[in-house]
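In the two complexes below, chain A is the common chain; its partner is chain B in one and chain C in the other.
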Partner chain A sequence: MKIDLNTFRLSGTEPTKTRFLVAGILMLAVSVAGYFMDSHQFFFSYLTAYLFWLSLGLGSLFLVLLFHLTGTRWGSVLRRIIETAAVSLPVMAIFFIPILFGMHELYHWADPEVVAHDEILRAKSGYLNFTFFVIRAAVYFSVWTFLAWKLYSKSLEQDSNPQAEQIHAMRRISAPGMILFAITSSFAAFDWVMSIEPHWFSTIFGLYIFSGGLLMALSFIVLFASDLRRQGLLTTTITTEHYQDLARLIFSFTIFWGYMAFSQYFLIWYANIPEETIFFLKRGVGSWRIISWVLVLGNFLLPFIVLMPRAVKRNNIALSVVAVWVILMHYIDLVWIVMPVHHTQGIHFSWMDLTTLAGIGGIYMWVFWIRFAAQPVVPVGEPSLDESIAFTNN
Partner chain B sequence: MVKQKPEGMIAEFENPAALLRAAEKMRAAGFSSFDCHSPFPIHGMDRAMGEKRSPLGWIVAVVAFLGFSAGMGLEWWSSSVAYPLVISGKPFFSYQAFGPVAFAVMVLSSALTALIGMLALNKLPLFNHPVFNSDNFRRATDDAFFISILADDPKYDEQATRNFLSEIGGQNIEQLLETTEMKEGA
Partner chain C sequence: MSVTLTKSKPGALEEVPLIKGNQTFRSITEKISEITERKTALTWVLLFSLAASVALLFFAQIGYLFWEGIGIWGLQNPVGWGWAIVNFVFWVGIGHAGTLISAVLFLFRQKWRTSINRFAEAMTIFAVIVALVFPGIHVGRVWVAYFMFPLPNQMQMWPNFRSPLLWDIFAVGTYFTVSLMFWYTGLIPDLATLRDRAKTRLRKITMGILALGWRGGNKQWKHYEMAYLLLAGLSTPLVLSVHSVVSTDFATSIIPGWHTTIFPPYFVAGAIFSGFAMVLTLAIIARKAYGLENIITIQHFEKMNKIIMVTGMMVGYAYGMEFFIAWYSGNEYEKFAFINRAFGPYAWAYWIMITCNVLIPQLYWSKKMRTSVPVMFTISIFVNIGMWFERFVITVTSLANDYLPSSWDYYSPTIFDIGLLIGSFGLFFSLFLLFIRFLPMISMAEVKGVLPQADPHHYEGEAHHG
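For the complex of A and B:
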């Protein structure tokens, strides 16, 4: 891969794109075979993998909105990477279709037979019913696609013809966009994740899922930029200073995740009401109990301590290792939320977990790369770009 | 009778960039007891002056850990040793419920440590400083940029330092003299 210093576009990206596309198609094909072998396992693996990649897109969309709202200058060099990750979100709308086919396997409330004999589900059926579920999903994807696409196209417009108007437009979209994002991402988490346990409810659940997604997006940016760096690209553009700030954000959102996780657990533990404690009781059975502790120590305590010293934040290799760890923990977090519904007795690994993850990821990254390779790798029309390149911490 | 004691020297610089370059030269020349004064923070000044990173973060980290342990310890001792009470059927040592209090003790102790530690490391409060002997120095909070050197610097020498300051672009070089009025017969 090489960069053209006049247009700031990458060349020689074909092998990367092909690799992602081939891996994606291959793994999805294998997953489809898995569907015919064990459809129940397939849908649970698929949902976990789906949430994993969706959270990357949503975390990135949040960061783009945040950048425009706060007028971020330090991170302008990273903006194109984040925008591209966010604007790949519509792909997830296509990947949502299989979930609609798996409704009966994933969500008991979608089965009229079950609902007829279940008073709680009957009472919830005004919200939890197939038609409204599909309408809501359509609304979420429309909002996300609109926001991501609008901000991305304004940013491209800025590349060729930089005007103050684009900055104002991006800011104007981001303010209501942030509110819409908060509502839609929270309700999407309720609909797609929380309703796999339709009796259980937790109002903080949306934020809990969101906090994991943000960790995922930040870690992805670190790894992606580090990968470019190892190929000798943008080495003097995305510097140690930017990595340090990304690491700080990972550090703070590690705390945020811990705060959300503890708040959810603490209130349920304190009140000790059976309809609420069921969630944690199921996740205390057999080896799920070990995973619960792995999350407390691995997704909170370890990154919290490791990311504290400045030296780790400024060391690219150490930070990359932390980013891989955080992403792994985010995946385990999702497994811990989704899988106990299917494997009630303890953790159970299936090869479909990996193939669905690689399949959706391959296509997502392929779409990402098509756009990333076609446009300048940094927002060249952004007035704060020079300042961002020269940015230093103190 | 008036007694004057030299406490250091001060030089004015034209702009922030000149101050930054001068600070680098001061450090390169081996001065250790010098400081830069500007009406606003200047990016890169810490590095130019060769300032070491503050150890305050590590001090706060240690205190935070102790604060958390102390909070947890207090709750453990009072509710499982000194006065055990069954509360809503939960175990005596319910670390979940103790978490928020231990957290609050941690935040309080580390915030106080950060404040007091910052003051102590900056040698504050300080009632007087040699730079206040210069009338011109008042402009440091308005529109002027200064470098001050204290006389306790091992490299300090009345004439050589004055020459050096003027060589690196210093203007209005002044010796800082502490003036004490002595009563007759004292």
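For the complex of A and C:
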């Protein structure tokens, strides 16, 4: 892979794209075979993998909105990577279709038989019913696609013909966009994740899922930029200073995740009401208990301590290791939320967990690379770009 | 690299300087110090007399309360927590903006904070003092208030460490201590400036002691900045933790409308929201009274208004989520609690809250509204009314209509409930007026740091142009 330093365009990206496409198709094909062997396992593995990649897109979309609203300058060099991760989100709408075929396996409330004998689910059927579920999903994807696409195309427009008007336009979209994002992402978390245990409820759940997605997106940016760096690309554009700030954000949102997780656990533990504690009791059964502790120590305490020294934040290898760890923990967090519903007795590893993850991921990254390779890899028209390149923390 | 100027870039937004009126280091010192050095103005004396009289009323009522007991309030069964708790949460919340401005915005490298952080921090300290009065007098037998602290004693009596009320003591106590240290550390260079300018011997000695031997050398600045950074780092988690702990006073219970998992972040957002509104109210008055238009500019106000708008919508998000999940839970008690709030006997309070906190800040979508001083002054007061009512709605509605309909009752305040709320403003404004009279209300050292002249490369450009 090479870069033209005048236009900031990449060339020789074909092998990368092909690798992702082939891996994606292959792994999805293997996963389909898995569907015929154990459809229950397939859908649960699939949903976990789906949420994992979706959270990358949503976390990125949030960051793009945030960048525009706050007028971020230090991070302008990173904006194109984030925008591209966000604008790949619509591919997740296609991957949503299999979930609709797995409604019976994943969501009890989708079974009229079950609802007929369940008073609580009958009370919720105005919201939890198949038709409304599909309509809502369509609304979420329309909103996300519109926002990501609109901001991405404005940003490309800025590349060729920079005008102050574009910055205004991006802000104008981002302000109501942020409100729409907050509403849609929370309700998507209720619909797709919380309702797999349809009796259980928690008002903070939308924020909890969101905080994980943000960690995912930030760690992805670190890893992706570091990977370019190892290939000798953008080494003087994305500098140690930017990594340090990204690491600070990962540090902050590690605390944010811990805050959300603690608020949810603590208030439910303290009040000790059976209809709420059931969620944590299920995750305290057998080996799930170990995973609960892994999350406390691994998704909060360890990154919290490791990311504190300045030296770690400014060491690319150390930071990359932390980013891989944070992403791994994010995946385990999703497994911990989704899987105990299916494997009630303890952790159960299935090869489909991996194939679905790699399958959806392969296609997502393929879509990502098609866009990323087609445009300048930094927003070349952004007026604050030079300032961002020259940015230092001191 | 010397790429610092973005103005010439195509497609860039025009940059407005933070501080207006071509200020120099000297003019900033003159402007701010002079306020504390001039003769006391008659208006100040009148205002202080008014505030101090109201504060006196506050203490008189507290005296009566100690004599007579908390029966003088409108508390009854089942509403055992009335205005005193509402006022406590209200005042603690007010404090949060100060910490956010001084600590969080510092870590986020927001230079505009320098014009407003000093008096926002002072506001924090005074608001926390006022807040702490309420739980203190609410204990009833105030002479055994020390029971609240885990003091070793021969009876082996300890407070309940699992009680959120005890955590409040720790949370608010820590908050007060750290805020005070942070505020004082920030004051040191400015106190030294006042010392150096002092005309009388008494003032020189007083300011000299307070300035802790500050000489402004390189080494001192280096230590000072490290201390400031560390205190900012310590204060940042406090912005979140204090009101989270306050929220657990309610949320660890099993009362519908109190027990919900979103409470900690929801309370924090509300606290910042109300605190910013209060900073704005005070800043508008002080700016006008002392002619600080060039240092606290419309740009500062606009940024604060944006934060009010964002946090207002976060609070709106929480209202919405609570309502939705109450329905979604399928739990009839939860459902009732929220329908009762919106359409029950306290509906008027609920809709005041919604109007002030969610609807009125929407005016800020228009830049004209965000930059109009009369409009923002009005809105800032509405927000504070709304946030007081939020705490009222939470505290009272959930208690007044609890699980047992036979014990339901309508809560009304007595003259002493109202009197103590008004009195608390008296105490707050007395302290605040003393502050603006005797201490530099704007951080001179920090404002100078954001002037263009403070940039080490500032004079290079001029040499270049010849």
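For the reader, a short list of remarks on this structure follows.
Everything that follows uses one rule, which is that the second predicted complex is superposed on the first by the 394 of 394 C-alpha atoms of A that agree within 3 Å, B and C clash if a C-alpha of one lies under 4 Å from a C-alpha of the other, contacts with A are read in each partner's own complex, and residues count from 1 in each chain.
Here, a residue touches a chain if its C-beta (ideal position, glycine included) is under 8 Å from a C-beta of that chain, and two chains touch if they have at least 3 such contacts.
Quick caveat, the model's predicted, so the values are computed rather than measured.
Three-chain overlay on chain A, with chain B and chain C in a clash. In the superposed pair of complexes, A:N6 makes contact with neither chain B nor chain C.
In the superposed model, A:M308 makes contact with chain B only, not with chain C. In the superposition on chain A, A:L207 contacts chain C only, with no contact to chain B. In the superposition on chain A, A:I167 makes contact with chain C only, not with chain B. By the touch criterion defined above, A:Y270 reaches both chain B and chain C.
In the overlay built on the shared chain, the residue A:T236 is in contact with neither chain B nor chain C. The partner of chain A that touches more of its residues, comparing chain B with chain C, is C. Under the contact criterion defined above, the residues of chain A that touch both chain B in one complex and chain C in the other are 266, 270. On chain B, the positions that touch chain A within their shared complex are 43-44, 46, 53, 61, 88-89, 96-97, 99-100. Of all the residues in chain A, the ones that touch chain C in their complex are 119-121, 123-124, 127, 158, 161-164, 166-168, 175, 179, 182-183, 186, 190, 199, 201-207, 255, 259-260, 263-264, 266-268, 270-271, 273, 275, 381-384, 386-387, 389-390. Taken together, the chain A residues at the contact with chain B in this complex read 262, 265-266, 269-270, 272, 308, 310, 392, 394. By the touch rule above, chain C contacts chain A in their complex via residues 1, 3-4, 6, 9-14, 237, 240, 244, 248, 251-254, 259-265, 313, 317-318, 321-322, 325, 328-331, 365.
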